[in-house]
Amino acid sequence: MYSAKVLEHLENPRNVGEIENASAIGKSTNPVCGDMLQLYLRLRDGRIESAGFLVQGCPPSIAAGSVLTELVTGMSVEDAGRMAPRDITTALESLPRNKEHCSVLAIDALRDALKLTP
Amino acid sequence: MAMRKIYLDNSATTRVDDEVVGEMLPFFTEQFGNASSTHQWGQQAKQAIEEARNQVARLLNGTPNEITFVSGGTEADNLAIVGIAEAHGDKGRHIITSRIEHPAVLATCAHLEKEGWKVTYLPVYGEGIVRLDDLRKAMTDETVLITIMHSNNELGTLQPIREIGELVREQREAGRRHLYFHTDAVQSIGKVDVDVRELGVDLLSLTAHKFHGPKGIGVLYVRRGVRISPQTYGGHHERDRRAGTESVPLIAGIGKAAELARLHLAERSGHLRNLRDYLEQELFRIIPDITRNGDAERRLPSIANLNFDHVEGEGLQISLDLKGVAVSTGSACSSGSTEPSHVLVAIGLSQDTGHGSLRFSFGKDNTREDVDYVLETLPAIVGKLRSLSPRAVKKSKLEAGA
Amino acid sequence: MAMRKIYLDNSATTRVDDEVVGEMLPFFTEQFGNASSTHQWGQQAKQAIEEARNQVARLLNGTPNEITFVSGGTEADNLAIVGIAEAHGDKGRHIITSRIEHPAVLATCAHLEKEGWKVTYLPVYGEGIVRLDDLRKAMTDETVLITIMHSNNELGTLQPIREIGELVREQREAGRRHLYFHTDAVQSIGKVDVDVRELGVDLLSLTAHKFHGPKGIGVLYVRRGVRISPQTYGGHHERDRRAGTESVPLIAGIGKAAELARLHLAERSGHLRNLRDYLEQELFRIIPDITRNGDAERRLPSIANLNFDHVEGEGLQISLDLKGVAVSTGSACSSGSTEPSHVLVAIGLSQDTGHGSLRFSFGKDNTREDVDYVLETLPAIVGKLRSLSPRAVKKSKLEAGA
Amino acid sequence: MYSAKVLEHLENPRNVGEIENASAIGKSTNPVCGDMLQLYLRLRDGRIESAGFLVQGCPPSIAAGSVLTELVTGMSVEDAGRMAPRDITTALESLPRNKEHCSVLAIDALRDALKLTP
């Protein structure tokens, strides 16, 4: 049902937890399923130096949060601002049709952290 | 530790017993006749069907001509409800059921609502059990059918079927002649005694694949003298109650499974309870913030439905699956949906906590070692998922601070 | 001569192929999961179902999402007819069918008549085949469904399905948008090519047990874009077309049987025709006063339906059974009744002659030796029964006198 | 489905055919199934000396005719006149419920031969 990548992130989520001295924090909730995701970023010189996340949600939302922190680490804030749900889905190989919204949860948190309108 | 395969989802379906397979096999390739044929192949097939009918009748303490073979529990529920509705709808158009029935009952009732029927869905409270008082109040002169499940498939909670049966008898004697009582006993067979006379039911559904028989065959028990409208049209099979060439191998299979369920009831039931109680007791001991869903006493011996605070059931379930352990969140039927199960909502769990529930359901082939493996595996999984959870992290910080 | 067992009733049901049994077996005891479960047991089951769906789609030249698994041919016919009637009854309430359909179609149409539908039953004449002209004349703006079988189960006669498909296409293009076309192809699968695109049908029924698959599983093909109302309510199985836990072993079985039917079509078809033609030719040679029921050319290769003057079919059938040979009079469904079959009446046989008919139906496992045994056995049986028959005795006296 | 006795009579029907110099002939037809039976009796001194039958009908009707000729041979006409369908059914061990009328066919022919009102 889930791709090997999703399962791998579920078993070994990266960058779990709050970050000390976070420079930006983003939150998102999906009102339908009630899942919620929090993203912590430490920014330096317009780049994302490190990222951490917390989530209460389904396996894809965990994998989405985890892979997001990997993807954005080292990225310029500008590039991060251009990320879209597709990038998450691609990085996770695939998501079942009825779970595509879980990638939105992660991107929404990122946009919230970067203070972009979602 | 080598990866094991442990199946703890016996309420979704069960492994077919080797003896049952042995019983079915000759009917595929040797005695393969059509039971309607008058030659020797046909007569062998017919005899096998009648033997199975006897076996099922004995399991339920009914008589053979009260047993109708259908394609499964869903068809049995549909035939019972629509069959009564169509045959007796001229006497009234009201049905009473509960909020925690299987979709095979709920969706059928919803269908009848669209056709103008009134349906009352009884509440079940925190314990997951309907109350007789509510039922009594819901009954009117228009009520034609009461359909309440024998035990719930998610919680395992046993409903007061015998008491309802008595109430129905009283009501009938008081003049409400056209009141019929159906129970979906799909989950109960092989786990607790199910005796149609003692329960006082008019109709009862069961399906083989929940008690180590094959998928695709079930039974609707219809008490002698109760008239239902058939829902399939064709040849004169099953005394005109259900048209279609009988699946002789599956029928032989459900017969054998019924016999085994009857013979081994006490032993299996005790075994299931031991394993289930052992799992619950130890989990409560070693993992904090767990609660049990539904009544602790009035339930099947085979099911533990537990809620793990601050985590999501699907994450637990998939993580266990990656360790070789099969359990479920909600019922198999609603899997893949993002809504919490209607049963957990009915017992008052919020969307949030309802998502953190797991159902462990035991079968006769499970062992104490299976439980030990879960006890070794699950705490780390819960721990990992809680370390991800904003609420759990906040709570543990608060506790550390205190 | 030792007593042999010869099964010549393959239109009633067939022996399940050993390869098919082999395909089913693992799903009883190893991969026994519920296809709705999200764990590995469930995913294995689901995969097996999707593979079988592919195999059936390939057999019919359809696509997998056009395949719905149901419990057999009767359910497929019911679902097709009532499913279309309920979904499109607002556009008109007229159905066209034939006088020689299977009871699964006729009884369903009769049920709809009681609900106010108009049904036209087309005649089939001596050849046992509907005529396009009659169909054309029967169509009105009220016609919502045409249901004509692909081949008849008693006579084997092939109906002009492709031509009807074309007619339906023309009618649709001429504005009759809400005209649907169903065919019951239960008897044809594995004997002649059945290609849904070439035939131009919207719905098509089949059942595994007629082509060496198991009893209790069938398929309704529903062309992409055609809407039908489901007839069972419950979980979201089969894309909401048919609720109920899928019988994974039976589905794996029908998938395999479909694959084998596709791969071996030409060879099996030729084999059946050889045996059938050999039987007919020799019987016509050695037994006087036999006639063939239905058209000699436009029919399945597997069926010989013959009439033996002045005797009763049941006496022949039972006498053959006592010699180890299984054949049938009429269809298995109507056996035990004292009325001649509705099919034989439809082709104009009187009650008297209609009673003297036997159906021999061949399967892939039959041999030339089987036919030889019938040729050795049957003349004496016919002779004995004719020596009992007042009419036959009179006739032979007259002939002796002449 | 059918008793061994019915099958045995079907395989080896007794007293088949017309009788030369029959003293009584009886016929009966069942209008529902169309089956018909003819009975031939040779009577001497108030007894049935021999009997023969012809039938076009189902296996039970053949067995009924056959067993009837056996039963009545040697019987007084008076006793034969008292025979009832039950006697046929009993002699055949049993008949399926929907085939009980086949024994009536045989008794009707007997009564017709003996000129009794059926």
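Labels for the chains are A, B, C and D, by order of writing; each one numbers its residues from 1.
The rule is simple: a residue touches a chain if its C-beta (ideal position, glycine included) is under 8 Å from a C-beta of that chain, and two chains touch if they have at least 3 such contacts.
Treat the numbers as computed from the prediction; the structure is a model and nothing was measured.
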Centre-to-centre distance between chain B and chain A (centres being mean Cα positions), rounded to whole Å: 40
Centre-to-centre distance between chain D and chain B (centres being mean Cα positions), rounded to whole Å: 58
Mean-CA-position distance for chain C and chain B (Å): 36
Distance from chain D to chain A - Cα centre to Cα centre, in angstrom: 92
Interface hub residues of chain B, defined as touching at least two other chains: 38, 314, 318, 336
Two or more partner chains touched - positions in chain A: none
Arrangement of touching chains [line / ring / star / complete / other]: line
In contact (per the touch rule at the top): chain pairs: A-B, B-C, C-D
Chain C - residues contacting chain B, complex: 7, 9, 12-16, 18, 20-21, 24-25, 28-29, 32-34, 36-42, 71-75, 77-78, 102-104, 107-108, 110-111, 207, 209, 214-217, 231-236, 243-250, 314, 317-318, 320-321, 324, 326-328, 332-336
Complex contact set, residues of chain C against chain D: 310-312, 314-315, 318-319, 322, 336-339, 351-352, 355, 384-385, 387-393
Residues on chain A engaged by chain B in the complex (per definition of touch): 2, 7, 10-11, 13, 16-18, 32-36, 38, 53-59, 62, 65, 96, 98
